[in-house]
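Two complexes, one shared chain (chain A), two partners (chain B, chain C).
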Partner chain A sequence: MKIRLREPTIAFLFLLPAFIGVIVFYYYQIVQTGIYSLHNLQHTADWQTQPFVWFKNYATVFRSTYFWQSLRFTVYFTFMATVLELAVGLGMAMATFWVSRWLGGILRAIIIMPWVIPPIINAMIWRWLFHADVGLFGYILVSLGLVDKPPLFLTEPMLAVHSVIFADVWKNSSIMAIFLLGGLAAIPADIYDAAKVDGARSWFRFRKVTLPMLLPTILVALLFRGIDALRTFDLIYGLTGGGPGTVTETLSSFAYKYYFTYGKFGLGSAYAIVVFAIIVGLAAVYLSRIRRNMRFKE
Partner chain B sequence: MSAKLSHRYRTQYTYLMQTVVTILIAVFCLTPMFYILSTSLKPRGAEYMIPLELWPSKPTLQAYRAVLGIVEEAELASESKGSMVLPADQARIVKSLSFVTPLRNSLIVSSAVAAFSLLISSLSAYAIARLRFRYKIQSLIFLQLGAMIPIAVTIAPTFMLMRSLGLLRTLLAMIIPNIFYNVPMSTWLIACYFAELPFDLEDAAKVDGYKPIQIFWKVIIPLAAPGLFSAGVFAFLGSWGEFMLASAVSMGIPAVQTVPAAMLNFSVQFRYEWTWISAAIILSVALVAFMTLVFQRWVIRGLTAGAVKY
Partner chain C sequence: MSRERKWLVGICILVVLATLAACGPTPTPQVIKEKETVVVPVKETVTVKETVVVPQEKTTVTIAYNQYFNMTFGPADPPIVAIKKAVESKYPNIKVELLVTSTEAKTWHDMYTTWFMAKDPTVDILGVGGYWTAEFAEAGWLEPLNDGVAPDVDPKITAKLIPAYLEAHTYKGKLMGLGPWWGGIGGLYYRKDLLEKYGFKPPQTYDDVVTIAKTIMAKEPGMTGWTWSGKKDVALVNRWFEYLYGFGGKYFDDAGKCAMNSPQALAALEYMVNLIKDGISPAEVATWKEEDSMVRFVSGQAIFHTGRQDMLFWLDNPEKSKVVGKWGFIPNPAQPGGRRSGTYEGWAFAISKFSDSKDAALKVLEVMFDFPVQKELNLSQGPVQAHMDVYTDPDVIKNNPNMPLIEEIAKTALAPLSSPQYPEIADILAEEIHAAITGLKAPKAALTDACARIDLATGH
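This part shows the complex of A and B:
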């Protein structure tokens, strides 16, 4: 007997493995984390056997000064890192676009390098460069005569906050630049030529032609990086461990600490759900922006 | 005359400026890695000497030998005179933390993740890009929205799931979730490639009596090789750097740690041995940096697929 499948059925079957996996490892997990956050759950205990505590975990979270501090830091970090990355990335993208073809090729290869480095290894690199006694960064500052002795990059609270941001900017400006290069390449060349013929100076061209044309890409890049920066974990864990004290602790790193250091899965889950709630809003905007790029033949 | 001269002056000036800008960006992007490379080539202890050497006067591969566990006891003994740790003990510690195991583990995990996420995503991408059904965009959004969820949110239940499957402390506990962490992105990347192929292909193949699975396997897949490739490289890089899950499910057991988890362990154990840590960093980055350079065009395409439509 021969079974003839209709095309939508075949499509469904083809999509099935991906859907099952994403449901199991993303959507179902959210529900689980939600359930955990309502229980007084210790480490590896089964949640069904643990007391249901309604929103007590959330109450604990919202009452704790640590939470507000880490929320503040997470938001500050996200804002500063994203804005600086946009500035540096835009600079690098414009430069790559401007220089000769040959240099541009080299620049592209160079710019992508920081992006390749895994975040946890990025943290290690900066731990060495920010070393209190023999760090290259402090050494350069001392050699230039800017400071008398190397600053305590990772142990002085205000400095630590900005050192973490700097390390993130170093790594992630490259992805910003790569995004924007794509956007620049997509601007039709005749628009530039028209502006040139009209005698527009380069700064004016940048402000009135390039920037407006680039705006959609910039917006998507900002959202993409913002979502990523809000869930920063590896960099913090490897570079400062959240310290000094809890100054550089992000919501994600707090959640992780509650899970695997203190073994409080319930409380950690409450933190995680807060992270999720913040990100969901941004993600919705992001997806609605990139939806325009999803065009497939019906 | 003067106009011509000033034009020539201007091109030379422009060329100079372009070179300067290129060098500035190169310094910004490469200095940290360069300094790590330089540290990794210093003899043990020399990394703390002031004034700092930007490049070691006597480069040595000592640190790499130590990190790869091919250090000899005699060598350590001569080095660590007066140290509290016995040479034999130190050799044992070094052997136990040999970076060969994490590198091997990471290779296994990343290759498996790349292969399986390619398989699964190319199926779903085919459905979205080439088959007739109603909820294409919705399917894509459903996958993408999932991928927006941070690992910090899913890690606890995933950990519990792996525990109940008895997979903790195995590489499978990293491989399986990582496959699906990469499926949404890969699906999109591959779907974009599939969509660019001419639609007469299917009609021609149908006339020849191909079944849908045959069209997929024998016609579309070979033609979309570059797209598949880009997605594969992407998944490989993604799982190479994944840290949170890897460190949670490997539970501090060196035998099953991937590079990122082992790296942290290593840097805690040998907190002051920065030549060793640097060598480990170089070893963990070398392969992916090389891959990215070789496949640069595909990687960049993959990165920008979401933000920019080509």
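This part shows the complex of A and C:
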């Protein structure tokens, strides 16, 4: 017996496993976290037997001065890290794209290395580099005579904030470069040839050909890295532990701490939902701007 | 399908089958039993004894602990090997396995939280920090060992364990774990040679430390006064407790409210801050974990160092230390009216409420805290163990001649703050104390904020 299916039905059947996967592995947890956030859960996730507290947990979140402080830091960190990673990543992509094929392969293998190092290992490496007694950076600065004694990279608030940004840029510029290399490869060579014939020099070609053609890739890469930076946790946790005081505390650390360390699943869930809402909100605004930009390109 | 491809498929199937066979259950040890077979003949009954082999099921008891359980630092097997040997000889039908956890206490704690939340029955015995006892007990995640409901530990075992340590692992009158199998107590290391050279006796008060440090630092250029671990971490909280009690403060008042904003507590924190301001402790202490903080003392560049007793093992080893024979180790100082205190960080073993082999787990736990294994643990990773006979054992004293120093320090052991909210309280204290020593907050503001947050967390 032959079963005849119309094209939309076949498409639906093909999509069904992925659809079920997304529902089971993503949306179910979000709904569950939302339910938890409305209950007073301490060391238990059995929400049906625990008091329903309406939005009390959310009120606690918004009343916390530490939450607002960490929101400010997280936004600053995300902005600085993403912009610097774009600049460094673009430089690395340009440098590796225009060299010979075999050298490009070697350089690409080298630039991807920081990205494949697990964040917590990365944090340990940087902790030693910034170490006040035996750190390389302190040694270099003292040897060059720029300072009398090694700066306290992880204790001085301003230095600590920018040290974690520096470590993040080192790690994640490479993935930005890999994204942009894909974008560069997609630009047709004949456009460059035409520009050369018209007498355009290299800087002009970069501004008028490369950058506009690369813009869609840049926007997607920024979105990807921006969301990732908003959720940063391991690197900063390993490097400063959120210190000095709470100066480098990130939003993600709140949900983690209240959920896993303190066992306050209700409050931890409220933090998680608020962070989720902030990320979705920022991503939505960003995506709408990208769409507008794409329409303009069309 | 081509001939080559058929061969290839055939080989792949064989490889898969062989792999599956290799991954199958390993043969379990067998016990010889006598089985009676009754033969009924026509006229008479004859009983024939026949020997048959009946496989015996082994119960697996899984212990969760970090990688140090696989290591030895002395003339004995690593702890897990010693435990396996002792259990196998006493209970052949019990198999012990180690599940390696993180060495980082916070990550380790959070692993447990995840397992408990999932009611995971895989882990039977857990290594638990003394300050986790109240939290896990309050959540009902640990099996009480003396509540009259099985599994209860044999009183003959507990009678031999040091009561003060057992007290630290008791919550609301219920013994939640046996310990320590390994422990740390804070004390003060000092440069005996330098103190003698400048005519000082070992310090008794915190003021003495400042006087001695200032004098020697003035005469020995490049020398650091006092090193300690000030990174925003649990070690900073432990150091804070020592200063707090040393200045006559305490954790909570009689009503259970935070008392760490008392005048004594303020004096303690101001003292810590002034150590850095006056240059007796370098500003770098605020970035140091325990292992970083000992570097200068071991290199001969510091007069005092506060830390656990761990260094005693190798301070006289010339390959690792530049202060061989030049050091002393005494209980932490205290101001008049204060208590000389070393924060006790003992690691106990407890039985998970969700274990599916509680009886077997109890048997293993009893073996672990009986003298033979305790002695092995001391020889491999001593010196702070629960069993009191260990401290007078000739082999132990021969292996660690510094046992008398440790006994002195142990007298000042300060039980960690006991609260089901300990992880949150520890985080609050780490944040506020760190903010004070790095100059982000005035000591009074830091303690006021700390107590407000702690009272909120504990519901006061």
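As a convention for this text, the second predicted complex is superposed on the first by the 257 of 298 C-alpha atoms of A that agree within 3 Å, B and C clash if a C-alpha of one lies under 4 Å from a C-alpha of the other, contacts with A are read in each partner's own complex, and residues count from 1 in each chain.
Operating definition for what follows: contacts are C-beta pairs under 8 Å (C-beta built on N, C-alpha and C of every residue); 3 or more make two chains touch, one makes a residue touch a chain.
Worth saying up front: this structure is predicted, and the values here are computed from it rather than measured.
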Check: Between chain B (first) and chain C (second), which, if any, makes contact with A:133: first, second, both or neither?
Finding: both
Check: Who touches more of chain A, chain B or chain C?
Finding: B
Check: Touching A:73 in the superposition: chain B (first), chain C (second), both, neither?
Finding: neither
Notebook entry, point to check: Looking at the overlay, does A:155 come into contact with chain B only (first), chain C only (second), both, or neither?
Noted result: second
Notebook entry, point to check: For A:262, is the partner it touches chain B (first), chain C (second), both, or none of the two (neither)?
Noted result: second
Next item on the list: Figure out whether A:58 sits in contact with chain B (first) or chain C (second), or with both, or with neither.
Entry: neither
Check: Touching A:247 in the superposition: chain B (first), chain C (second), both, neither?
Finding: second
Item checked: First, second, both or neither for A:166, with chain B first and chain C second -> neither
Checklist line | Interface residues of chain A shared between complexes with chain B and chain C | finding: 44, 131, 133-134, 260
Next item on the list: Mind listing the chain C positions that touch chain A in their complex?
Entry: 106, 109-110, 113-114, 117, 135, 138-141, 231-233, 282-284, 286-288, 292, 295-296, 420-421, 423-424, 427, 430-432, 434-435, 438, 440-441, 457
Next item on the list: Mind listing the chain A positions that touch chain C in their complex?
Entry: 42-45, 131-134, 152, 154-157, 240-247, 257, 260-264
Notebook entry, point to check: Once bound in the complex, which stretches of chain A touch chain B?
Noted result: 5, 7-8, 10-12, 14-15, 17-19, 21-30, 32-33, 36, 44, 92, 95, 98-100, 103, 106-121, 124-129, 131, 133-134, 136, 139, 170, 174-175, 178-179, 181-183, 185-186, 217, 220-221, 224, 227, 230-231, 233-234, 237-238, 251-252, 255-256, 259-260, 265, 268-269, 271-273, 275-276, 279-280, 283, 286-287, 290-294, 296-298
Notebook entry, point to check: For chain B, which residues are in contact with chain A within the complex?
Noted result: 15, 18-19, 21-22, 25-26, 28-33, 35-36, 39, 47-50, 52, 120-121, 123-124, 126-134, 136-137, 139-161, 163, 176-177, 179-181, 183-184, 187-188, 191, 195, 199, 212, 216, 237, 240-244, 248, 259-260, 263-264, 267, 274, 277-278, 281, 284-285, 288-289, 292-293, 296, 299-300, 303-304, 306-310
